[in-house]
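Next come two complexes, and both contain chain A; in the first it sits with chain B, in the second with chain C.
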Partner chain A sequence: MSAERFVIIGNGPAGNEAAEILREKSPRSRVTIFGKESIRSYKPHLLPDVIAGKVDQENIFMKPDSYFREKDIQLRLGQRVKHVDFNKRQVLLEHREVVSFDGLIIATGGKPRIPEPLEVFEDVMLTLKTAFDAQLWVDRLSKTDSVLIIGGDLTSLSLTRALINLGKKVFFIVNAESFWPLPFNERLSTEIQARLCEKGVEVLNSRTVRRLTQLSDTSVEVETDCEKIRVGVVGAFFGLVPDVKFLVRSGLDIDRGILVDENLQTRFANVYAAGDCAQVYNPVIKDYWVSIGYENARTLGRIAALNMLGEMLSVKSSPESIFSLNGVKVNTSWWMEF
Partner chain B sequence: MDHVNPNDVWAPGANDRRGPLVTYSRDAADFDYMRINVPCQSACPALTNVPAYIRSIYEKRYGHSYELNRIVNLFPGTLGRICSRPCEDRCRHGEPELGEPVNICHIKRAAYDLKEPGHPFMAPMFSSHHKRVCIVGSGPSGLAAAHDLSTIGFDVTILEALDEPGGMLRYGIPEFRLPHKVLKYEIDSIVRMGITLKTGIRAGTDISFREIMSDYDATLIATGCYVSRALNVPGENLDGVFSGLELVMDIASNKSPNLGKKVAVIGAGFTAFDCARSALRLGAEDVTIFIRGLEEELRVTKEEIHDAKKEGIKIKALSLTQGIVGSNRAEGIEFVRARTGEIGSNGRRKLYPIEGSNFLVEVDSVIVAVGQSAQPIAAPGDKNDSGILIGNSDTFQSSEPGLYLTGDFLTGPSTVIESIASGRKAAERIAHDLTGKRFREWVVRMEEAAITDRHRSWDFIPRQEMPTVTPVSSRLVDRRVEVELGLSSEAAFEESKRCYLCNLHYEIDVNKCIFCRYCIDNAPRDCIKLVEKINLNENGAIDGFIETTNWQKVNAVVIDNSRCIRCGECVRVCPVDCISVTKVELVEKNLLAGRQ
Partner chain C sequence: MAKVDITVEVCGMAGDGTIAAGGMINEAMSLGGYYVLGFDSYPAEIRGFGRCVTHSRIGSEEISALQDKTHVLISLNDVQSRSRAPFLQENGMVFFDSNPASYVTEEESLAAVLKTGVKLYGMPFSDLATQAAGSPRGRNLSALGGFAAVCGIDPDLFRQVISNKFESKGPRVLDMNLKSFDAGHEYALENFSHRLVGLFKGLEVEKGEKKVMLSGNSAIGKGAVDAGLKLYFGYPITPATPIMEYLAKALPPRGGQVVQMEDEIASIGAVLGASYAGARSMTATSGPGFALMTELITHGVMAEIPAVILDAQRGGPSTGLPTKTEQSDLQAAVFGGPGDSARIVIAPTNVSECYKFTVKSFQLAERYQTPVIVLTDFFLDNRVENVHPPHSTEQELQRLSVTPDSSKQGDYKRYEDTPDGISPRALPGMKGFNFVATGLEHSQYGAPDYSPENHQKMSAKRHRKIESALRDLFKPEEFFDDSEVDLGVIGWGSTFGSVLEATQEARRKGLKVSALKITSIYPYHAREIRAFMNKCKMILIPELNFEGHLANLIGHLHNSDVFRLNLVTGSPIPPSVIVSEIERLISGGVK
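Showing the complex of A and B:
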């Protein structure tokens, strides 16, 4: 019998963890990771430190280059999966290559969420999810001293800290989308504003952005519901959404992310989803929930891989594991990170 | 495809050296070919000739493009805004590795928006039969039937119960999606054919069906579906619970119901979305649509979903309504979370409640938009258990001679384009029953064509999306502001270049082919095949190939038109010129003076 072919879509913590387990427990199998970025996997929560100049870009990688050769894991970088045919059990890549699989783990993670009303200004705003995004921030910050942050997820708070360390003037708009995926909370909002002000951040009174106009490389005009200001860079931080658009109408159940059972299995045999792209029913909150964060992703990657190999592990559904983000509980005191 | 029946050769062409050869076919194999190979036209219930009208936009003949639409669907300006677009789901450009489907619907709107004012319509007219037909209801099916019966030569009267014609188009779709002036223009174009339109007359109440049926040679009921379906849960009759249909009809009649600030809409169709977006325009601040299934399985267009979200509307999936709670008026909705199951035989996903997952959502008002059904009507004829008149969906006849049914009233809720197609077919049937003649027939028109002038690079043009009014706040000021702005002439031109022109049929002449395989080397995908055998279906249409890689067994090199993207590379590289191109279209041909 020929070796089993395991394909992993996504080169983040969930995908890498899954690959490691599959290789370890199934030495004869063929393990392939497809990553759409052109560099090997890194720790995205270190990117604000890269921008601040505290961490060198070389030191953010999860594993050395040699690791994948030694473990015989096919790491195919810069190759985007365009479609999956679950009946033929094939993955179709953007460059039209077709790759067959016996088992598939989808671990595409999240991508920056831009609320629909702000989508038209997408080109004017920077986000921070990838190393490429971090490089853009570094380039733009070298030419300007003022930054406006709209939104307010955890990444934005880490970035704000980095920006203050760099001596930049930071403006902040906290709006109804700010605590996404948690519901907006007036008390949290007041507390976070006070905390930001203490650090020297200017929190604007506005709640909504009406218009953004890129005047030049170093100047963006911001029109809000109550004022008009000019800043050098605008950053949008509204959390992440599962990066699963390419799978819509493929036959998978997709709500925000890929709906999976407590074993992370999709409706197709030997097809699992793990990490920020998987949505699991959580009896505590009585809703489907996307777990986020580096450690969560690794845990889910491990569970998906083990279940693929015949175990029947369930994901834990306590609220701690949902709201815990890099060790910080985000439901009540996430701003403590700041 | 090249079976030419000499009796079917139609001028101009056969003996005209200047023009291309045109033939018409009624062969079942050719209809099968169209169904498989021109998916957009076949997917349209009215069989709109999509590639031809898109080509006209490319040629900047906007009026002609409008006409190509109007001859079969009658409401291009309206449909270009609100059609459910079954064609786009089938567009070959939307196949997994080929990108996004062509924006067929919005190109149709461009034909309306960009045509010259006063562009004259072509309407083939037949002489009068001196017979009278009464149509009850002036929605899309009633108006479509009226148009066709009028042009065929009948005296047509429409009775409309409401103040203005248009049915659901006028009262069921908000003006921010379909401006009344667009609809009025297209209704006027139909009524001007010599149709008598009487509004404010409710048949069965203001005038009895017996009276109508004795005055007219045939009567067609096209009164649609105006009864809102109930959720059948506790609390549904509390104050603050609105029927979605009644709400949109009130708004269309210039009323402004007070919904409060926090509004929940239960339902997953266009009416649910129209209600949610209307609620924002009535002053609601927090609007959520609760659906039973998944967002990706919604039947509304993705543009509609996107625009609703852009306006701030939230969609909550997998929520099964258990009841509406409140002491005097609605204060909250109790839901239970669902787990997805398999897809049932009716094409719908099965959903199972998750035990213990009940949750409550606080609201100021609830809008229920979970479907509609036909209203009982005081007409003679056989009725179903609910007292609704029933008819034959093939013949449109009721059990009462001379009394016909069409549109949603006959079939239950459907789309606008399905209603139009239903109205036209009912008209054809009535005309046949009253005269014993047929006046139009669908045929496959074939015309020699030059090689396509498409460039391969056009396949990589991104879909031109519809521009909308921004910022969102300026949409909500006046509920009549049309949200979609229409494609510019430049955008429509770019979009028209994306159409593969699937109405071009490519064929290799095996007698001329030298099996050099240049075409295969240059093919953009697996569209040209080395085959051992061609499988035909019972009608003689190609039904598949048995391919081979063994040269000894290759009997032909064939173009698989279901995979071909009409790039024309094969024709350009063929050294012996053995590939022919034929334009094939489903067209409705008028039969001279009617045929027995």
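Showing the complex of A and C:
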């Protein structure tokens, strides 16, 4: 297609990759990225190193501001999309601005998942998805020496390593749901616990957190099914869920993420979804799968952009690489590395 | 402590409270111990719609000019503020209303035109004010609250300023405004807790005499009052009107009067009449009004009557750009009018000098019995600076009238041809003297005399008198005082502030440059100016006019052509533009 105005919602790897392709292949078009965070895209896997003080926050960014100016990609940061009107082909921003588009790529990624029983304690727990989260960790850790990690996803393991480097006392509750959408099996759980213990982490036998009470800025009381402890900070790490809540009433087909065909197109013409927020149809398994991971996101962003420009590329993922867990099909780029 | 040099702009539509908000920023930061230079630009229309912008440069060191890059933009109207987006620093900050009354298109949105790297702080200004005070009128104060919170400014400074401003309107109005401010402050602390930047933290307030915020026009008004002004005659015109407004309040309690005349011709006529009678009087106008006055100004020259005329320059010719700044009346001030009508023209460069030069103008007018024109400009008149309260010494306030002694009674030559051209002046009512005031060429006694010899002699006398005024005029001031200079930059009026900052910046870059300030426009100190020029390989004269008025006047003093930088953009020349020109000239980019 020869769309003049491309809008990308999401400033992560999928959105940035899509923008780069659109600019390269369609030099005369207008390309705009909306990012809800106030800073440009960064490498989230470096956040634990920021907390550990090994990497300066200034050095986590993927591209400098000048890149976007040189490429004439409009990067609108700190501007949250509130709704999309697909019939009028308009994006509505939280600050009450209407932006029309010819082509749209939704690449909003994921947000930290808090399992339902723990949602009530959401304000007491820290997560680690954004640079802002990292700053909160830095602030809190400056006032305390002990941390409880609940969960067990990859981020939590990286963070634990950082905390140990900082000399903090780390408690850990390994939760079976933590690797959503992958559940721990016994072998994996045992292996993780053993590795944590080797590093000096105190792995608690508890499996259920009953109550979290914020006693002060530097103290949280944790009541589990078998003990009660006090720590300075509690972190929750249960993987990510697609960040698509704002689209629920937009008319898009949404299950866990946005349902798209093998070309990443939604049910609306010239509207695509890519990255962690998409559930992609695979004609071989005749089902949708979710994509997780930095490299997957970039690949999907690239494919979405090329297809919007008229290609008809399908996402290449062999059925063997797709896990079926809890009824959800999952493709991860980092799973094998782990 | 790190040097602070921050420019804040508030932009909105007329009626948004833009100018009030900018004024409160200036006052608050001044209370906080910072140097402040503020300037407002607003539409030419008297009522109705139009863009208002306030510029506040706030620094930990003395400030002489506005910068062309903005660090913080507070938008009270996004459509209007879009025009300010190009002036934002790459990492600038924008405060805007995140919940306007209706949806806006991308073509109307401020957020849509910001460069990558600019940080957005969206706040529901109107909602915050309405929830806190029951009315959205305080939305500008909610915006200020957010600005104070994010930038790390003590909110009590703003609360103090708000109290000073609204106290007289009663406790309810004051309370509403304080609540609106506090609502914005609390909202920002809560919602931007991770994005507080603390731009202004940690400045020690200067001890000693408290500074006051003063505009150029107010300083002129105060100078006139302190100088013993008795009568002000004027006709309203931008940007001189605030002088009349100031005096209308300040003069009557001191026994003086402000009289609004039917036009500028009547104004200067009344000034000459009052001065003839011995009362200190003045008028203030702008280019178009000054043009109307010129014939009577030359009458003052010929009749040798003191008069103080303030010409607040604005964009011209004709009605021109009423609310924009320019320095294009210099030639009219020096040469305007029929005949060889030399008069004294002086031009202050900052707010303190506005006061000082106004006081001085009365002494000069009386001693040299001639019209004295004080040349200011829109930027100088309307800008505010926090300055030490201006005051004058007894010597500065002393009357320098030259009156005849009693021995002259009966044979009094009103226009006596003296060595310095100053003829003792008898005031009406002085026993034994005659009192003439004629526009005709006259003899030393004041009787009409058109003979060639007399006209030659009296013309020489009048010009000798003006030349002799040099002894009482402020000499050119050289900054840096180097013996060898690659490029000397000469400035006058409000542009000198930009010249000074530009040369300071060029010197930091290792360039051999110097600056000369000229405040006595006519007569001018040719010897001193030439001495400066001769030690400079090149001379640059930046001016806010198209024709290069000062360069035309003094350029001949240099041994080669002077370089000119003439801009008529309606805005002050940014120091960065002068720096670029300095670099271009020194690097050999001269065409």
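As a working rule, the second predicted complex is superposed on the first by the 308 of 338 C-alpha atoms of A that agree within 3 Å, B and C clash if a C-alpha of one lies under 4 Å from a C-alpha of the other, contacts with A are read in each partner's own complex, and residues count from 1 in each chain.
The definition used in the following text is that a contact is a pair of C-beta atoms (placed from the backbone, for glycine too) under 8 Å apart; a residue touches a chain by one contact, two chains touch by 3 or more.
In this text the structure is predicted, and so the values were computed from the model without any measurement.
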Checklist entry - Between chain B (first) and chain C (second), which does A:254 come into contact with in this model arrangement: first, second, both, or neither? => result first
Next on the checklist: Between chain B and chain C, whom does A:92 touch in the aligned arrangement: first, second, both, or neither?
Outcome noted: both
Next on the checklist: By the touch definition at the top of the document, which applies to A:211: first (chain B), second (chain C), both, or neither?
Outcome noted: first
Item to check | Partner chain(s) touched by A:54 [first = chain B, second = chain C, both, neither] | outcome: neither
Checklist entry - So, does A:230 touch the first partner chain B, the second partner chain C, both, or neither? => result neither
Checklist entry - Touching A:136 in the superposition: chain B (first), chain C (second), both, neither? => result second
Checklist entry - Given the touch rule stated above, what does A:38 touch, chain B (first), chain C (second), both, or neither? => result second
Item to check | chain A positions touched by chain B in one structure and by chain C in the second | outcome: 92, 96
Checklist outcome for this item: The answer for chain C against chain A in the complex is residues 90, 96-100, 102-106, 109, 111-112, 114-117, 119-120, 122, 194-195
Item to check | chain A partner contacts - residues on chain B that touch it in the complex | outcome: 96-97, 294-296, 306, 309-312, 317-318, 337, 339-340, 354, 356-359, 470-473
Checklist entry - What residues of chain A sit close enough to touch chain C in their complex? => result 38, 40, 65, 68-69, 74-79, 92-100, 132, 135-136
Next on the checklist: Can you tell me which positions in chain A touch chain B when the two form their complex?
Outcome noted: 82-83, 85, 92, 96, 116-117, 119-120, 210-211, 248-249, 253-255, 259, 267, 281, 283, 286-288
